[in-house]
Amino acid sequence: MTPDLDQTPLLSVEALNKSFGRHVACHDISFDLWPGEVLGIVGESGSGKSTLLNAIAGRLPVDSGKILYRAASNSIVDLASASDAQRRHLMRTEWGFVQQHARDGLRMGFSAGANIGERLMALGDKHYGKLRDTALDWLRAVEIAPERIDDLPRTFSGGMQQRLQIARNLVTRPRIVLMDEPTGGLDVSVQARLLDLIRRLVQEHHVACIVVTHDLGVARLLAHRLMVMRHGQVVEAGLTDQLLDDPQHAYTQLLVSSVLSV
Amino acid sequence: MTEMIKVENLDKTFTLHLRGGIALPVLRNTGFGVNAGECVTLHGPSGAGKSTLLRSIYGNYRPQAGRILIRHENTPVDIVAAEPRVVLEIRRRTLGYVTQFLRVIPRVPTLDIVAEPLLARGAGEQAGRAKAAELLARLQIAEKMWSLPPATFSGGEQQRINIARGFCADYPILLLDEPTASLDETNRKIVINLIDDARQRGTAIVAIVHDADTRAAITTRLLPLESQGVAA
Amino acid sequence: MNQAYETSATLAGYNFAFLDEQTKRMLRRAILKAVAIPGYQVPFGSREMPLPYGWGTGGMQVTAAVIGAKDVLKVIDQGADDTTNAVSIRHFFVRMTNVATTEKTREATLIQTRHRVPETPLSEGQILVYQVPIPEPLRWLEPRETETRKMHALSEYGVMHVKLYEDIAQHGHISTAYDYPVLVNGRYLMRCSPIPKFDTPKLHMNAALQLFGAGREKRIYAVPPYTEVKPLDFEDHPFEVERWPEDCALCGAQDSFLDEVILDDRGGRMFVCSDTDYCGERRAAGHTGRMSAPYKEEAAE
């Protein structure tokens, strides 16, 4: 129908299930993610959105279902059943993960430069000077003063730590970045700057994102498409503005009406 | 005549789950078409569904029944049934939407906000900026403001920036929701000229305009809407 | 092995080399596995030794497992044969095995060491046993044992370069001075025990069998004879060993690891070989340093 659009999704999640004992965290979840697309997953705490993100990232084993990823090599890999070696390799090359708390996503005891260079070194980059140049470029790209390259992340503000985490992930030019409440716990003004940066980088690098957030404002600004989760199920999914401006499901209407203005 | 928009048997009802599931029918069996070079103005009392219809055409509201065929890259595509990424692609290439309210993106300078739709269609940075500058100048936004984010600008300035943004990409179809509300006489005339220029170029336009003079100035065909339906 | 010799001259009531035969067999199996997979850390059931952890119990268990009555044992601590730890361990094995001991690297068939590799090149048939406090090279980067094992299994060693990167960023050069990380046989990342990086190149293609024992951490690993041992580094910051501003003050050696000795409280100092046997051997051969008296046989005793 539209010939210039990709014909195969980058990621297809098929009938994913995950329970903790008798508690169903993700029930029968299916969706596609297309190259360059930003998918927001919204819902309140306990809705299963973070579990879903962690399952997709391979941080949690799933009970059933497929996570089909079209790798850069163009082969389809089912991450739900891939070997540790293959999954971990993809996670630190073609995928990124931005944690809500920078301390979980950064090496706090190592300098900003080392944090940015880690993925490259893991890929066998062993030229100190080049690693350093790359780190400087990325610091500039995420609006951190280059002279902070040898400083420890703990001397950074919360917003800077998040930006460093983003640089650390994007340095290998991943095709998919997962973000778990990337602006959670930041001041509003800091949030705005971070959101703007994420928006710009995602566009520039044409990276597909799955962003988990409970903040509909963040979802509105970042996501092309939303999935609303409740009790481990997707209750409604669609184009971001459709979902927020014309919510159909009772729960989505409740979510939207609970926000002051989005 | 190229038919750019074809609305068929459109039903749209809002169900308010938070208010006991009350159903508000707004559009019933609505149908009409818009050709290239036409400016169709929706007309009717408040609550007749003018904005709902406009938003449905943009793919912002989801009707329960019916089709809205948008001529996108020479092929009619039903925006009601299209998957999200197709809707976004249609908006990127074919469909522009101008309201009186600018959705401000934090920290992005005015010039970039205006140029963005054109850049998204693949225009070069320079060409995009030049076109944006031309429109901002035409809409009498002082040059010193171009490099500032518009968050702190006045309502009228923000509205004109939003109009510039809407006209920047030369979309084949333009949806206008009160584009001249709260503009002064001079700027209102500038916007009317912009609309007229676009129509002369062959743009298909659907508009909602309350001000009778403006309506008279831009409209080629009036589409009366009544509460809960349409006489087509 | 060596059944005929055992128990005869050792301390009554103890088995040869202190450990019972089943335990030694278990240790030997671990050692064989370690030799078969160079650099891989083999878990073993570490036993209580009559010394606290941290005093070389891992090395002692390895020594106990491989020592035979015909062995000639040398024990060094920081290169010296006459320091407390070396003397105690040597005395322990003499009482438990009655083997001959030596301070001469060339004469020894089995050398247990803490923190040094002898300067005199080792030869085929010799065994060098290292006392290892912490065997896991990734420990300070990744605290979870399950994760470090997985990293070894998948050769995910990039993170080790992060530490070296940090050294250069903070100090201008790789400042890791001991326990330098190496890749063994192109496969396993290994910690050399806290030997100075000066000694690291000696592990490479060494003719002797090198065994590493960590008692508290319950791990044994090995570098078989003639195995490639490559220190990690950067293309533009290659691995380098330490240098000293002077030669050995006693024997004039330019190629050995030197200890700094403070002579007075006015800044006077001298550098001497850390390997006492090597230094003595050189002096016996007539080499002199700037502060040495002419060599003479030690007459005392």
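Labels for the chains are A, B and C, by order of writing; each one numbers its residues from 1.
Rule of thumb we're sticking to: contacts are C-beta pairs under 8 Å (C-beta built on N, C-alpha and C of every residue); 3 or more make two chains touch, one makes a residue touch a chain.
What you are looking at is a predicted structure, and each value in this text was computed from that prediction instead of being measured.
Centrality by Cα centroid goes to chain A. With centres defined by CA atoms alone, the chain at the far end from subunit A is C. Remark: subunit A and subunit C have CA centroids separated by 47 Å (rounded to whole angstrom).
With centres defined as mean CA coordinates, subunit C is found 78 Å away from subunit B.
Each chain gets one centre point, the mean of its Cα atoms, and the points for subunit A and subunit B are 32 Å apart. Touching subunit C in their complex are the following residues of subunit A: 84-85, 88, 107, 110-111, 113-114, 117-119, 121-124, 126-129, 131-132, 149-150. On the side of subunit B, the complex with subunit A involves touching residues 14-18, 55, 59-62, 72-73, 75, 77, 84-89, 105-108. The residues of subunit C lying in touch with subunit A in their complex are 141, 150, 153-154, 156, 158-159, 161-163, 165-166, 168-170, 233-237. Against subunit B, in their complex, subunit A makes its touches with residues 1-2, 4-5, 34, 37, 192-193, 195-196, 199, 221, 224-225, 238-239, 241-242, 245-246, 248-250, 253-254, 257.
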